[in-house]
Every structure is written in structure tokens, then in C-alpha cells.
């Protein structure tokens, strides 16, 4: 078992953990945290797999992809956080109402 | 095609750019029609290394309908965001956000790189969310929040799929991937991930829960855009992937999608019928109409794809018109409760006409675009002997008729109640009407879009079937 | 083993010890002020020792300079941050721990 | 595109354009509206004249084609059968327009009404001239949509309910036809109408499918034709203004259904194939049942328009019966009844409208002695009623005569009993009305009388009724003249049976 | 030196370290999501981000590490904290009641029924096993993009492959990505009416610190930018350092002078993207493809674009931190 696979599996773990938390929490701030952690998991998988080519430098393309991804994530987070504040001021709490499945 | 701008005097600029983009699309259309599918290597590097833009009949059609709808929305918005009560501080943000959205759509329909598609998806999602929140009410904000989370979640699923595919095949280009693709566990998992991510954004039945609230609470032109184009964008990616990358022997999966689509048609229809507010009704109608798109998957035949696509096109036009009409009514009477429509509708003949005509297309009655799409789907279903699909399609049409006439019925009733009314800018009414007419005309010029679909043979794999 | 390497190992170990001490302090001390005290002091010394140890191994003066710069930055920021935290705690009305 | 191709298109477009223009006319511009309406009607009449000339003497087929789908085109063409129907609808439309102008004077939303009125006629003409199933379907659905606003025109809760019922029925019918059509297309690959049908090659291979398609199509069409299990909407739709009822019963909706059945039996399947499949027998029985059922129900209605409505249900089935008997003479009878029933029934509805508009009479029990107050109207009514009963030499007699002969020709005697029974019933529900109107003493006052100057009522209301009554007489008396409906029906039948 | 003999030991050490790091990561992630106190959760999340940065280094991805440390952990953390501050400022009284329960499965505000909880678990388990299986059975790439990158590196004008990919080969992605960033800002502004956080006057110490740090940060940003073409670093890293400087300034209470808030600020914000697009478009007129940099000047062009981008990114990030339209507050 290679360490790279170890990280990949950690990435899978983080992804799932984030997903779980995203679904189970109703607090918006936590949901955003969860999304970020999910994202980290995906990035980890991307980069860890990039390093598995033996020997030389790892594949730079996924690195570039992850950097792009991180910037996108922070943009989304910023937007989400601003929205949370707005929701709080307008609605009075920072939770999503229980949504009935209809 | 990338347009972005910040300063305030945007209205004129926005229209100019809108016209420019339309011209560009027209030019591209001509090029594609003359020379066949086009491929453009950004940066001159070519597919594996750089990012390619690719335009075939499918993307061209999407671009065209995009251009038409967007032009309409632009014109409409000059009226909509001009109202006295819409806070100016908000309204000025509409234009740049809207331009971003449009740019994202164009970029999305042209890209042939799966990671690039991810970036465009995010661009699309974020701008859409910001636009929904523009309405500013508690409903709008909450649903924008939910919409944002859904978007991010969907994107992450998609990105994970991209990661797996890349590490398996070492390329991000759709065409190259399609040449190398072969079934393996990783591919299946990637397929599952990307599919669920994209379908979440497309709001296929069990994952549609976020859509009605978001679409109903947004400002009218935004609702129009979301229903007409934004959900279609992720469907477009899904269709692309399905046709080109995913292993063909996935009929069970196709059946599943078909069943979900069928449920969506019913559920959306019944829910639409139950709504008391017009915009919610229209939003649920979108859920139902999206279901039609997925009916093509279990058949996976040439006609079925074309039928689904045709429904997509006409629905885009018709739904835009409907939401615009709803926006007019809302503006005129100050509410959109269906029960109290009597007067509102009678004093806005153009808007009512727009709604009715769009309704014809949604119901799939001749000679509208929706009819052609439904006809093609029906024929494909009969040809493949899948009678349950025939019944679904038929029943879906009846349901649509039921909920649309529920609204139209009130156009003819007399009312003694007086309403507080406000004048609606005439161009808002006309835009809605023209788009609705376009949806109808689409049925009369059907051979033309159908021929465009063949450019670049996106469905060639199934042409035999 | 070269002499410089020997010193490096010694310095690193010493640095690690201070870090350990600082961390133990963080966990064991009773209130926010004492914890800050343990953390900043011990860790700054620990980091300084480590930087010194690594500087011995540096290939160029530039590298040494960078290492020292790192230390200085950390010194500066940890001092300010500790001050800020303590200040915030005081404003919130947390009393310093007394026997 | 040759002129010949343009003619059918022009037929459709003339009303379409007029309809659209009328929508945008302000409510007050009645003059322009009337002029436009009449001009379009006259233009149509001329076009029809030209085309029937060409069809009859030169065997021309006027045809307009436009691609619509892969392998499918939008076809408008004028063959003998479509000319028959188009002529009927064009003439009656002209008359109805005049009537509607008088009837709706000073009521609100006239622009809307006449706009949809024009569109409705456009759809009817389209149905008549459709050259294939898909075009037929297109205009057929359009007809549904354009009549809906007319039915709910009054805007009352009751009207809205009637409209909803109408929609539920017709929409369901529409999808049945759609399914049948698509299926047919999937099997046959073509949908173009042709004399003697186009499915004869497929009978061996797809027998069951063809029967199923036939059932789907007939059921769908039967909704508009008000065949018995699907007739529920028609009496409810009586809520509509009188010109609309006239249009529904005589010209557009019901006729479109019946006409569709004719098309399906004759030009899609072909009489022989249909008989071979064993589907005409049940259809004939269904028609027979409808005839009797409609008559019996009519007997028990006190509301004049409802009685007329049930009468329509019964009468329209004569057409279906004639087609389903599947013999040349019966076909002639059915076809000619298409015209005759239209002329007679529209007369009756005009008269009913006049009574309601002038004196506020809606019920038969209020009609005592009305013949003395409104002699002209009641004369017209009487002619129409006698025609319905089948008194020679009026229009109804000709149709029934041929139906009877046709039934005997193919050895289906039961039809005679149906005809006789229905004639008796017709007499039973019309004669009391006539008796009351002419021979009973008038009551002191009418329910809601309005003054119209010197005449018994407004001339725009009276004239149409008199004209159609006259036509009822004429088509019966002059049945053997060239260009009479009977003559034309024979011409069609020759084409059908001798392809 | 004694690499030969200690190789197994080193590998073992590395493995141990990696394993520890991996588990620490998971643990932190879980705690960040599960911890009952939101503030604590955010701090844990920042720690999580820093740990991620170390992992990136372990995976030979220094560029990513820099980006993660600066943006992922630093800025996101700062954003989260100020949001929390704003939220708490709104109703400080309520928050005390809320989170006092010790939770293990993070189910505090959720009324999940046992059945649906089980279903969720099953689905997640399936997801995990599917993913793990997919990853473990992942075959070697069939197509070596990496080779292509290194082969074309020379003509890209830079020697850091990541920068080459980001700004040249896949520059289009980066272009769109910058749009995303700008869009986010636009979106945040469009919400409008964000409540002001409770602001405390910065003490003299912080003031002093910022005075010292900010020039340093700006230098570092410039350094990243410059070095980006052949070593780890680049526009995003530089930009985020600049952003950090901006955040610091904002914390100290410094506000833009009114006349810079309007048009000039917006111009700076779009400057980066503008330069990027115009460079790309100008090339079309020179007879090349969109974004096809001529190899001879590619390096310079990329540097130019990056410089503009750095500035814009920095300001954008700082503006994001501010949340809401900047407005004139206090002139310092």
C-alpha cells in the first residue's frame, strides 16, 4: 500500500464526511464548512493521484486544476457567507427551514 | 464572447452587448452550417494540452436558443428593472450579473473540456444564485441559499468524477476521452458521480425539491432564465457525456432515468395543478417538462434524442414567455394568486395571449414546437414498443393542459373586484408575446432546427436505431 | 557525522523540547493568560532554536536570511496576537487566575 | 409556388389574418371590424367557387405543401370532399357573422369575440382542407383552442365550468387522435389522405394494430362528433352565445368530428378495408344508438337550446351512420346530411337566439303563441323543424331517403327501424313546440322583451335565419340540380368507390 | 550520505508521518464539523487547512500548498470568522443557549428519524466503498498529458510547469476562474445591506504590527509573482498575500478614501481580467489564435497578465472580506 493511496482514501473519507455533515446539519455556517471539507477531499484525491506516476515530478495539470478549484471554492464560500448574513438579517435565523419533499 | 462590465450606465451597454453576442452566434451559426462542426483550439495548443472549443449542431442550437431567449430577457429587463419600486441599488447589479450568466452559458455550450465545463458550471451557478437573491425577500434569500448549496454539491460530485476520469485516461477533452473510453470500475463510479451531480442541478425528479422555490421567488426575468436555460445547461453537459463518453451498454441506467423522468412528469404536473400561486405553478411545470427530456434515455434512438431536444428548445422559449407574463401580471396587479386573476388578465390582453400561446407549446398542441417534440418522442416510443412511455407522454400533456387552463380560465371571467393596478411597460408585454410566438413558430419551421441537429452528427451512434 | 550536523540535531531536539513544553503548558495551565504565556514564550524559543539548527545546514546566506526572517515574522505576529487575545479576554471580563 | 398551391393557403390565411387584426382593433371600431369580417367571408366564398369549379370540371387538386417534420408535410389541399365541407362552412360563416354582429351589439369584449370567431373559422377551413392526418390534427386541436374562448365568452362561473367540461372532453379526444396518428405513422410511414385509403397493404401484417388505431381515432373524433359515450360536453356548452352555439352545432366543432370520421373511414382506411377489419359494423351500431338516445333525451328537455343540443347529438350521428353502413348510397346520404344538418340546425339556433334576445324566451313552456309575435322567426323555425323530422321535400328527407336506400342496398334492415324511430321521435319533440308557438294563446307578457323598432326583431338577427331557412328548402327542392349538395355528394362517392 | 542504509527507515518514517497526517486530517475535519461550538469549529477548520497545506507539500505540490495556506486556510478562515462575528453580533443573547450539548454524531439540530438515518448511512457506505474500490483499481493513465506539458514547456515562456498550465496551456480556465472571483464579489455586493460588525478600535500593538507587516506582505506578494514563472508561486498566491495585507488593513480600521471607492476601485477590480482578455484578443488581431502567446514574448506577457491579476485578486479578496459595498467610514 502506497502512501499516495493512503491520501486518496483520506480524500474519499473527507468527501464523505463533508457530505454527511452537509446533509445532517441545518446550520448554514456548518453546511458551508462541510462543503469546503468536501472540496478539500476532492482536491486531495486529484493531487494524490497525480503523484502516483513514479519518479519524476508529479503531473502539473491536476495541480493547476486544484489551484483553480481552491479559488473557485473561496469565491463560492465568500458568496455563501454573505448570503448567510443576509438570510440571518431577513429571516432571523441562519438555518434552512425543514424542507418537505414536494 | 466574454462580456463583463461594472460601471452603472449598463442598460444601453447591456443591450449593445446583447446584440453583439447575437450577431456572433449568428456568424458562428453560419460557419457551422456551411462548414460542419467547428473546433477551435484556445491558445493554439490543441486538445490534449490546451482547451478546445467545439461547436456542432447540438451546441449551435443551444447557443441559438440561448441568444434568442437572452435577447428577449435583456429587452424585458430594461423595463423590469426600471420600476420605481425596485431599488436602484439592487437593479444596477442585475446587468453585470446577468452578463456573467450569459457568458457562462455561452462558454458552457462551446466547451469540449470537462474541467473547463466545471469552471463554467460554477460561474453559471454562482451568478444564478446571486440573481435569485436579487429579489431580496426572505423567500428569495432562503431559496437562493439552498440553491447555492445544491449547486456547490452538484459541482463537487461532478468534479470528483472529472478527477477519476482524468487519472484514468489522462485527458480532459471530451473527444479524446470518447476515443479511449472503456468500461472499468473507475469509469462506472465516475459516471455515477457526474450523473448525480449534473442531475441534481438539472432537478430530475427526486432531486427537484430545490427548484420550485428558487424559480418562483426570483425576479421574473431571472426565473425565466433559470427555467429556460440554466437547468438545461447541466442537462446539456449530461447529454454530451452520455452520448460521447459513457459506455453505450448502459440501458438499465437509461431505463432508470426514463422512470424518473416519468415520475417527474406526473409529480410536477400534479403539483402544478395544486398550486395557488402562478409562479409556483410555472416552476412545477418546469419540473414536469424536464421529465420529458429524460424520457429519451430509455429509447436512446435518433428520433427520441431529437424529440427531447426539440422539447428542450421549445420549452426554453415558452417558459421564458410564461415567466415574463407572470412577471407582468405580478407587476400589474401586485400579486400572483391564481384565484384573484379575473381583472388582471383582462386588462392585459397581450400578456394573457403570451401566456396562452406559451401554454399551447407546453401542452404540446400543434403547431407548436412542443408538439413536434412530443410527436417525435411518441413515434420513437411506438417504434421501440415502449407503450408505458406513450401513456406517460399522453398523460403528461393532459396534465399540462389542466394546469394551464386553470389559469387561462380566469382570463375570461368577469370580476367586480377592483384591483390596485400599475402600468406595465409595453415592451415587457411585447417581449413575452414575441417569445411565445417564437415557441409556436418553432413548430412550423421544425425541419430547420432538426437539420441543424445533424451537423457534426452528435447522435450518429444511434442513427441506425 | 560532521560537527555542524551534530549541532543541528542537538538544536532541533532542544527546539522540539521547548515546543513540547509549550504545548504541555497550553493544555495544563489554568486560564487563558497563563496559557498564552506558555505558548508564546516557549514556542518562540523553540522555533528560534530550530531555525538556528536548520540555518547551520543552509546552503547559502540567502537561505539563512530567509530562515531568520521567518523567525522574526513569527516573533512579531505571535507577540501581537498574544497581546490581542489577552486584551480581548480582559475586555470580556475574564479574571486572571489566582491560586 | 403556383397560384393553385396558393389558393388553399389563402383560404386559411384570410381568416387568420382577419382574426389577428381584429384582436388589435379597439373595441369601438365596430365598422372596420364588420367590414373586415364580411370581406374575409366574401373572399372565401369566391375562393371556394373558383376551386370547386376547378375540381369539378378539370379534376384539379389544389394543394399547398410545407415540410413540417422529417418525411411529414403540412398539406392543405382541396379535393371534392373538402370542397363540400368548406362550402358549407364558408356560407354559414358569412350568415353567422351577420347574425353575430346583431346579436352581440353593445356587449363587451367584441374584439376578442370576433377575433376568436375568425380563428375558429380558420381552424374549420383547415380541418376541411387538411391533406393528411397531421395537418388535420393540427387544425383540429386549433379548433378546440379557438372555440374555448367563445364558449366561456360570457365569463360567468357557469360558462367557465362548461368550458372546462368542453376542454376535458376534447383534450382527451385530442390525445387519443394524436396517439392513433403517431402509431399509424409508425406503421404506415405516410399519413396522406387518398381515395380508398392507404393502409390496404398493411392489413395482413398489422391487423390488430390497425383495429386499435381505428378505435383510438374514432373515439377521439367521436368526442367532437358527440357520439354517445362522449357527448356530455355538448348540452353544457349551450351556455355560449347563440351564434357560437350555431357555429358549434352546424359548422365547426361537431361537424369537424363527423368530417374527421368520414376522412378516417374513407380516406385513411378506405371503406373496403374498414369493412374487412370488421370495424364499421360496431360503428354503425354506435351511431344508431346515439341517434335514438339523443332523440329520447331531447324529448324531455324544457330548455329550448338544450333540446336542440340533444337533437344535434342525434342528427350528427346520421352522418356517421351513413359512412359506417359502407355502401355507396348510404355514403351519399351521410355526406349530404353533413350539409343538410348544418343548414337546418343553424336555422333552429338562430331562431332560438332571436327568441331569447327579443323576448327573453329560453324555455319551451314560455313559447305559447310566440308565432303571432314573431311570425318570420317562427316560420323559419318551422321549416327547420320539418326538415329535421324529414318531411319531404325538405333537406332532411333527402338525407334520410338515401340512408335508407343505402342500408337496404347492403342488407342492413335494422337501420330502417332506427330511421323510422328517430323520425317519430323528432316529430314528437318538435311538433309540440310548433303547436305551442302557433296555436296556443300568448301569455300576457314575455319574460324580457326588448323593442326593435318596427320589425319583429333586428334585421341582422332575422335575415340570417330567413336565409338559412330558405336554403333548407332549396337544397331539398333542388336536390337534383348540378352543384347541389346531393349532386356533390354523389360526385365524391364516385371518387371514393371507383378510385 | 547514508541514504543507502537508512532508506527503509526513512520510508517507514515517512509512511508513519503520512498516516499520522492523514488521520489528523480526518480527525480535524470531523471535529470541525462536529464540534458544538461554532467558533471552535472554525478554528479547527483553519487548522485543518494548514494541515492540508502540509499534505500538499508531502505530495510534491508546493504551488497548491501555497494557495491552500493563503487562500484555503487563511482567507476562508478570516471570512468565516468575520461572518460568525457578524452573526453573533446580531443576537448574542441567543447564542449562549444554543450549543451546549456534547454530540458525537453531530445530530444536534436535526430530527432525523432512525430509518432515514440508516438509509443515509447505507448510501454513504456505498459511496465510500465504491469510491475506494474505484480508486484502488484505477489503472495507469492511458494518455500521458504530462509528457506533453514538459515537451512544450519551453515554448510556454515559463519554467514552472504549474504556471505554464495555469496561464498558458489552460489559460482559458484561469480566465474563467478569475471571472468567478469577480462574480463572487459582484454577488456579495449585490446583496447589499450587510450589517456592520461590532468594531473595536485596534490597539496600538495591532497598529504597529500592521505597519510593519503590510510592506512586507506587499514585497512577498511581488516576490511570489516574480518567482512564479519558474518556482512555486504565481498570481493567485501573490494575490492572496496581497489580499491578506488588505484584510489586515481593514482590521486595523483603515478605509478607502471616498474618492477611491467608486470608479477607481472598480477599475482596479476588473483590471486583471481586462488585461487578460485584451491580451488574448489582441493576439487574434495579430493573426494568432485566441490566447496563443508567441513563444518569444510569452514569458513577458504572462508576467504582465499575472501582475495585473495579482493586483485585482488581492483587492477582490480584501473586498470580499469586507462583505458589502465598501463605503467611506473613517479617514485615517
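When the chains are written out, they are named A, B, C, D and E in that same order, and each has its own residue count from 1.
Quick note on the criterion: a residue touches a chain if its C-beta (ideal position, glycine included) is under 8 Å from a C-beta of that chain, and two chains touch if they have at least 3 such contacts.
From a predicted model like this one, the values you see are computed outputs, not experimental measurements.
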(request) Note the shortest touch-path length, in steps, from subunit A to subunit C. (result) 2
(request) Could you tell me which chains are in contact with subunit B and with subunit C alike? (result) E
(request) Could you see whether B-E or B-D has the larger number of C-beta contact pairs? (result) B-E
(request) Averaging each chain's C-alpha atoms to get its centre, pick out the one most distant from subunit D. (result) C
(message) If I average the Cα coordinates per chain and compare with the overall Cα mean, which chain comes out closest?
(response) B
(request) Just grab the chain with the largest centre-to-centre distance to subunit B, centres being mean Cα coordinates. (result) C
(message) I'd like to verify one number: the distance from the centre of subunit A to the centre of subunit E, where each centre is the average of its C-alpha atoms, in whole angstrom.
(response) 12
(message) Counting only Cα atoms for the centres, state how far subunit A is from subunit B in Å.
(response) 27
(message) Nearest whole angstrom, what separates the Cα centre of subunit C from the Cα centre of subunit D?
(response) 99
(request) Can you tell me which residues of subunit A touch two or more of the remaining chains? (result) 15, 19, 45, 49-50, 61, 65, 68, 72, 75-76, 79, 83-84, 86
(request) Report the complete set of touching chain pairs. (result) A-B, A-E, B-D, B-E, C-E
(request) Can you check the complex and tell me which residues of subunit B touch subunit E? (result) 2, 4-7, 40-45, 48-51, 89-90, 93, 96-97, 100, 103-104, 107, 115-116, 119-120, 122-123, 126-127, 129-130, 133-134, 160, 164, 167-171, 176, 180, 184-186, 188-190, 192
(message) Which stretch or stretches of subunit A touch subunit B in the complex?
(response) 15, 19, 22, 28, 31, 35, 38-39, 42, 45-46, 49-50, 61-62, 65, 68-69, 72, 75-76, 79-80, 83-84, 86-87, 90-91, 96-97, 99, 101-102
(request) Show which residues of subunit D lie in contact with subunit B when the two form their complex. (result) 23, 66-70, 74, 112, 134, 137-138, 141-142, 145, 148-149, 152-153, 155-157, 159-160, 163-164, 167, 171-172, 174-175, 178-179, 182-183, 185-186
(request) Spell out the residues on subunit A that touch subunit E in their complex, using ranges where they run on. (result) 3-10, 12-21, 23-27, 29-30, 32-34, 36-37, 40, 43-45, 47-51, 53, 57-61, 63-68, 70-79, 81-86, 88-89, 94-95
(message) Help me check something: in the complex, which residues belonging to subunit B touch subunit A?
(response) 115, 119, 122, 126, 129-130, 133, 136-138, 141-142, 144-146, 148-149, 152-153, 156, 159-160, 163-164, 166-167, 172, 206, 209, 271
